[in-house]
Amino acid sequence: MSTSENTPFNGVASSTIVRATIVQASTVYNDTPATLEKANKFIVEAASKGSELVVFPEAFIGGYPRGFRFGLGVGVHNEEGRDEFRKYHASAIKVPGPEVEKLAELAGKNNVYLVMGAIEKDGYTLYCTALFFSPQGQFLGKHRKLMPTSLERCIWGQGDGSTIPVYDTPIGKLGAAICWENRMPLYRTALYAKGIELYCAPTADGSKEWQSSMLHIAIEGGCFVLSACQFCLRKDFPDHPDYLFTDWYDDKEPDSIVSQGGSVIISPLGQVLAGPNFESEGLITADLDLGDVARAKLYFDSVGHYSRPDVLHLTVNEHPKKPVTFISKVEKAEDDSNK
Amino acid sequence: MSTSENTPFNGVASSTIVRATIVQASTVYNDTPATLEKANKFIVEAASKGSELVVFPEAFIGGYPRGFRFGLGVGVHNEEGRDEFRKYHASAIKVPGPEVEKLAELAGKNNVYLVMGAIEKDGYTLYCTALFFSPQGQFLGKHRKLMPTSLERCIWGQGDGSTIPVYDTPIGKLGAAICWENRMPLYRTALYAKGIELYCAPTADGSKEWQSSMLHIAIEGGCFVLSACQFCLRKDFPDHPDYLFTDWYDDKEPDSIVSQGGSVIISPLGQVLAGPNFESEGLITADLDLGDVARAKLYFDSVGHYSRPDVLHLTVNEHPKKPVTFISKVEKAEDDSNK
Amino acid sequence: MSTSENTPFNGVASSTIVRATIVQASTVYNDTPATLEKANKFIVEAASKGSELVVFPEAFIGGYPRGFRFGLGVGVHNEEGRDEFRKYHASAIKVPGPEVEKLAELAGKNNVYLVMGAIEKDGYTLYCTALFFSPQGQFLGKHRKLMPTSLERCIWGQGDGSTIPVYDTPIGKLGAAICWENRMPLYRTALYAKGIELYCAPTADGSKEWQSSMLHIAIEGGCFVLSACQFCLRKDFPDHPDYLFTDWYDDKEPDSIVSQGGSVIISPLGQVLAGPNFESEGLITADLDLGDVARAKLYFDSVGHYSRPDVLHLTVNEHPKKPVTFISKVEKAEDDSNK
Amino acid sequence: MSTSENTPFNGVASSTIVRATIVQASTVYNDTPATLEKANKFIVEAASKGSELVVFPEAFIGGYPRGFRFGLGVGVHNEEGRDEFRKYHASAIKVPGPEVEKLAELAGKNNVYLVMGAIEKDGYTLYCTALFFSPQGQFLGKHRKLMPTSLERCIWGQGDGSTIPVYDTPIGKLGAAICWENRMPLYRTALYAKGIELYCAPTADGSKEWQSSMLHIAIEGGCFVLSACQFCLRKDFPDHPDYLFTDWYDDKEPDSIVSQGGSVIISPLGQVLAGPNFESEGLITADLDLGDVARAKLYFDSVGHYSRPDVLHLTVNEHPKKPVTFISKVEKAEDDSNK
Amino acid sequence: MSTSENTPFNGVASSTIVRATIVQASTVYNDTPATLEKANKFIVEAASKGSELVVFPEAFIGGYPRGFRFGLGVGVHNEEGRDEFRKYHASAIKVPGPEVEKLAELAGKNNVYLVMGAIEKDGYTLYCTALFFSPQGQFLGKHRKLMPTSLERCIWGQGDGSTIPVYDTPIGKLGAAICWENRMPLYRTALYAKGIELYCAPTADGSKEWQSSMLHIAIEGGCFVLSACQFCLRKDFPDHPDYLFTDWYDDKEPDSIVSQGGSVIISPLGQVLAGPNFESEGLITADLDLGDVARAKLYFDSVGHYSRPDVLHLTVNEHPKKPVTFISKVEKAEDDSNK
Amino acid sequence: MSTSENTPFNGVASSTIVRATIVQASTVYNDTPATLEKANKFIVEAASKGSELVVFPEAFIGGYPRGFRFGLGVGVHNEEGRDEFRKYHASAIKVPGPEVEKLAELAGKNNVYLVMGAIEKDGYTLYCTALFFSPQGQFLGKHRKLMPTSLERCIWGQGDGSTIPVYDTPIGKLGAAICWENRMPLYRTALYAKGIELYCAPTADGSKEWQSSMLHIAIEGGCFVLSACQFCLRKDFPDHPDYLFTDWYDDKEPDSIVSQGGSVIISPLGQVLAGPNFESEGLITADLDLGDVARAKLYFDSVGHYSRPDVLHLTVNEHPKKPVTFISKVEKAEDDSNK
């Protein structure tokens, strides 16, 4: 369904409504094929409800190894941690690659836009990535998280400016910020400047404070925010004695909640349309009135009438950052990128 | 028809005469296709009279929501105002875009220079813009109003120095100042310095004082001033009870005059050549003797012999002002657009 | 009391505690001397409780004319609106000027840092300004709001980059963002980059959503947020029939709440330390443990370890923006003021 | 009487009213002592009516030799023209000098601010100057016309940026633009930026178009405009057969009107408060409500909220321009002047 | 032919002789193409005599409207004067432009340095300009008269310091001072300081006193002076009854001399080498012994051994003076042109 | 007699006439008392004719040793030259000193302004000086020649900027340039800037070319030029065989003319009022109509309306230049002068 933005010869169009679903569920740990199958099940369900957009949590494919330390302390490490990383690396996927093709197929079959959190491997460095697919069954591209948080920095690399996409789709402009990237004001501003309307926030943060940030971003960005977080019990994780879970529980019973979810959909006017769900796996679905973007931007448009480019100006370097460039190829753009 | 400026090997050329028409008419509110059709009708009529230049009022496309408050007071707003803005945003046009292509086609078919007031949308911020078209059916470029007036600031953004064009055309140097930009002495001086000869002033100000300003500018700038203002009755506006019309009338009858026009054409010597018309929709047409520019500048040339650059020096920053710049793309186009 | 930053030979210093008070109260409308007297009363009370920092709401001096329209609609205005503005202009203060001197004296007498919201007049343009004073009775400087919101744009001008101070005081680094400036991610980032620890947010926004933004900012910025909002009843405003109050009430009884306050103090860890108070005038006081800044920044520092300057770079232009510069005089003062 | 600008502790001051008088009269040609006596008579009369400000036309002292050609054609001149210039030079005054002292005395005796148009001689170059005097009997300073018009350039030199005063007086900020300087948008902007409220326009232009410019300036500048023009009959000029009077009359009878006056006082809101008088010598008097400045600037302030300093910036060089500087004397100001 | 300056390994070189021709002739009034044709004829003739340098009078192209008043008196003007200016403006040329290209071609074809007086138009302000061309058929640059004389100030603007070229050519250092610029001691000194050897003085002054100034300058500057003045009869001017010719004749017969020429060539030693011719159109030709420069400077060198820089120091500001600068464009060309 | 410049309350004063006399006579060589007596005789004669100003040639006192070589060749000298210098030094006078007192007395007795050329000794360096005296019998001051010419440099030192006086006297502004100083355009400009009206030019240059320079200066400076040159025969010089006289004669007969005079008085309009006399000793007298200064400056004023201080600016350093400064004295001004 097309927004009025794309209608030739504008008139007094009635607002466009888009149905969107967040999948709040856990990775099948260390089993990527099973995780893909689980994804399939939820996508089918969402599509059956008429959803045009389905958003999965951070690291749904590959997994978010909450509480695990990979044997690391400052200045120390051990064999076991190394081996655990070897397994984690094995669960990650190449982009592009067969899993990506599979996901594209799922999006096409179910006629939905799909945003999927995944652990991407590029050589032996992992990235925390969001993948984008179209209802036409195409892989659109990816966003790599720019800055991992805390211990994540020991297992994931940093993305760069070349993967900050916002796709101009018939259901609105679509992009993503992963987990605490949502706390980065300059990164959010880059997305706003690209016109983001469907702001996907795959995350691993299930805190109460997260809800405030999501509400703030919806207002600050004048966009719909779709925050997707895994809901995981202790038993969803590998049975490893060293896992450390301290956040919202004391025991280590199999049904203890380790990641409490909190997936939520909020409108540009700051209205919570669906969620947050802190209790179970499941779908969070809402109808988004795209006219709310205009309604909200009447008062505030951080990259339009409410900006002060003469005082505050953000530069976004979208050139890829690679440590080595081979200049035998004609890659003029990339050749310039690190200067 | 060419001015002597462009004649190779100057001689005692007889003066060049250019016929110009102002269209004084109302937007078809909330119906941009119908507004374009109405524009077409007037352009055809003007061309049939031999006009080479046709100038429309401020916000002819998109509309000037006179008297409407969008639910705003200081620090307060409401649902209805938001929804009105959504509709207003829907009537605005993208530049470039299909409506701009249609207008270029109209200019080409009728063999006229066309200056059209329009509400432009760039994302969700609106701009009050003047569009320029050539008899060859080309979109030449645009001028975005630099500073909206009073409540306009709540619905329109601010233009920048990258859209201050003056086009050197065979019928004279053509540019525009919109509404109270005409009161900005530094902006006018920028236009004078670019050599403006056909100074178009699309406006929404139909006051008697406006006539004094137009006469003053013609003399100050040594240029022809073509001020185009909408003529609107109450029934031309949406039937909304909250419209506030206080300027020139008391009642709210359908035929009450809400915007009284006052379109006028004045020569560089301060002679009123046509108009002002305060009574009806219609065309205001005059023959402009381009030789009057030289006749006037004998005595006064604010950017030539009557300037004092050693004492008074204006700097015009023509760089585009955007809150965010993405440096991966080659973005030279806008910066170069007025060279 | 000194922060650990200023302790020579740092060891395992116990954290520094600073007592801070927000004054949630209404302007005495159209009576600046009485407003100053009211300020005095609250400052004395806060100081008597041991507060070292006192923060007042936006526009406390001069007033926030909530709901008033100054007779404005799009393209229309009237005599009464003009006269209301004349009165509003008369209530505003010059900076520096006698009222500023009086405030400095109050800060000195009560030995507090004072942040005061005021309407400043510079010629005939008004600015929404935050004034800073030291316990030594000195006027430190000011911040002018960069971008007024909606109808505010019809009565206030825009500040520039020359008044974005963050003062390095013994009780922490002190600065301010006024009302919806708090929604501007680039402005906030500028304050973060200056090291702000005591982030004052004088505001006129008493909505529930505002609380989410304050919490988000405390976490995003790793700073204490002190949001001060007026609490006003209908009777605190002039008895003018055209005042429009639509947000949180329907009637216009003298005791109807027109501005509901919601002043709040939040720690860098996202803990609400005091407030929000939505019910009455009064003081909101909390003890700030400055050690919380470091505690929070371990995980997130938007202008430090969590930034990506190779991808995202903000430029802040701190030069004053004046339409006219007279080069005979040495005008370095303002430019140097925040260095 | 003091404006609210100068009141300590602003409140809702009622507007300040200032009575101002323009003297519309002719020079006593070639007789400076008699001209001063005539000035005295009018100042006494204006003061007796309660005026606090008295404004005289351009060149009242020294005379405006309307229609005279000083024997000049392009590349030609003659003996008689030279001798006429010698006489004209003899009627001009030195500043400071005895005539200036006399005028200061008149201002003091009558307790008025006095703005006097005069022909100043500095060596053998003449300047068209406006002199300012205070009710305390002091000569405040002068403004030299920056650019003479047309044939005036053959008899007058050009002023510079060192004489562009705006005096901050208890009755408002006072300055002047002489004759077609009023057409110079950059010069006017310099005056606006200095905060001019009482904009005096001594002139020799009695045309109808002049009225439009005065009205425009009042609105553009948000200031009171006081335009003073001489009213002269043929017999007020020397009986010289070569005088050329072509503007508003055909015959050369003694009572033919040669300069028709048109002195006028206009408010910042564009209201004509007194005049124009096109019929006789005499006083034009009006009461100026200084509150009108704020009333007008609500909507438009060309050097405040309606400026775009990031796009349009005027630099005013106030250094004196002298062809030769002698550095033996301690003349610090002049020593710096040409750097 | 090279000066000894350019001879490698100087010895007792014999002096260099340069043949130079002044064209003393009248503009074909109001007919620029015919004037160019006439120039062509004289250049061919001069070249055929072996001249390497050809100098034309002031305003040869565009014309010097001697005796015309453009309807001007002090404070008065008329329709006819305006129209005359329009025609005069039409005869002026743009620089660069087609006429300049034509002149470059003529210089190249005839293998001469060419100095041509012309009326230049820049927008609607005219300048009295000297154009320089090389034997290679290149336009070298221009000098705009800094200060017009008397009534010229009503029709011409003022040049600035950016067009004070002295070209270092193989036949000597070449520059120009136009008409009464020759009376400006500081301007002459600027030329001397640039090393001028071939001092061209296109003029409209045919008086006897002019001869004294030319002789003085040759001695003062230690340079060859080539003064070129038009020789015009009454019939060379338009047949307009208002032309005023008072200098050297009484009648207005077609063959009355209106501009008597007086073109002359003088050596640095004060010897009159050719001319003055006060009787007819024609060529004035002389052989210049460049060794005379050294011969003269033994005794006097105003910018060398005979200067007193510790006492008398001239500063020349070569920056262009424009009332408005557009900073989007790179405008270095003019500023650099004489370096 | 006073110029109109000094008349309080200017009117149409008739022009002021001043009678001036040049004394064209020879020094009594090597006999200063006799020279003073000869001066007395001429002053009495001039005064008896009604002269108010008497001007003597360069070096009248002390003598101009025309043709003598003081035994000098490049790198060579001899005993006799040394002894001749000793004699020449003995004829020079101290300023002040008894001869100066005597001259003051003569001026007072005869009620004239007196300008006297003299050789001044300061220690053992000689200066070529002009001395000024008032009718009140006072020594006003002196001008030391800034730059001697050619071999003069072997016997005279260089003056500095501290002796460039122009005296504002009742008969006009009086100053002097000596001999080829008159060729120095910057020095002349310094005098013009001081307002010189009676430009005295004591000289030893009796050439025909000198007349051109004098005429040029009168026009360039808009001043009266009074050029005084000695008329000397061979017998007026010491009878020394080595005197070399090559300029205007071949023989060495006692009555051969060695210095042919050529004293002349020229008006600002370029009219030769008296002289030149190339034939004898004697007085040259003329009546100067001071009104001619204004008559001339109508068209040209090199330091007023015809200057371009923004382009061409002369700095004159009037500080005395001494090789040694003794800082024990409080001479702050001089102490600073050479920094």
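Going by the order they are written in, the chains are A, B, C, D, E and F; count residues from 1 in each one.
As a convention for this text, contacts are C-beta pairs under 8 Å (C-beta built on N, C-alpha and C of every residue); 3 or more make two chains touch, one makes a residue touch a chain.
The shown structure was predicted, so the numbers you read here are calculated from the model rather than taken from an experiment.
Student: Find out how few touching-chain steps suffice to connect subunit B with subunit D.
Tutor: 1
Student: Farthest chain from subunit B, going by the mean of C-alpha atoms per chain?
Tutor: When every chain centre is compared against subunit B, the largest gap points to F.
Student: Report back the single chain whose CA centre is most distant from the CA centre of subunit C.
Tutor: F
Student: If you average the CA atoms of subunit B and of subunit E, how many Å lie between those two points?
Tutor: Distance between chain centres, rounded to whole Å: 45 Å.
Student: Taking each chain's centre as its mean C-alpha position, how far apart are subunit A and subunit E in Å?
Tutor: Result: the chain centres lie 75 Å from each other.
Student: Between subunit D and subunit E, what is the gap in Å from one C-alpha centre to the other?
Tutor: 40
Student: Distance between subunit B and subunit F based on Cα centroids, please, to the nearest Å.
Tutor: 70
Student: Would you please write down the residue numbers of subunit F that are in contact with two or more other chains?
Tutor: 161, 189-190, 192, 298-299, 302, 307-308, 310, 312-317
Student: Which residues of subunit C touch subunit A in the complex?
Tutor: For subunit C paired with subunit A, touching residues are 146-147, 149-150, 158, 160-161, 180, 183-190, 192, 209, 211-213, 215-217, 219-220, 270, 298-300, 302, 306-308, 310-317, 321.
Student: Within their complex, state which residues of subunit A touch subunit B.
Tutor: Residues 4-5, 8-13, 15, 161-162, 189-190, 192-195, 222, 269, 291, 293-299, 301-305, 307-310, 312-319, 333, 337 of subunit A touch subunit B in their complex.
Student: Which residues of subunit D touch subunit E in their complex?
Tutor: 64-78, 149-155, 186, 204-205, 243-247, 259, 323, 338
Student: Provide the residue numbers of subunit D that touch subunit F in the complex, in ascending order.
Tutor: 30-33, 36, 70, 77, 81-83, 85-87, 89-94, 98-99, 102, 122-125, 154-158, 160, 321-329, 338
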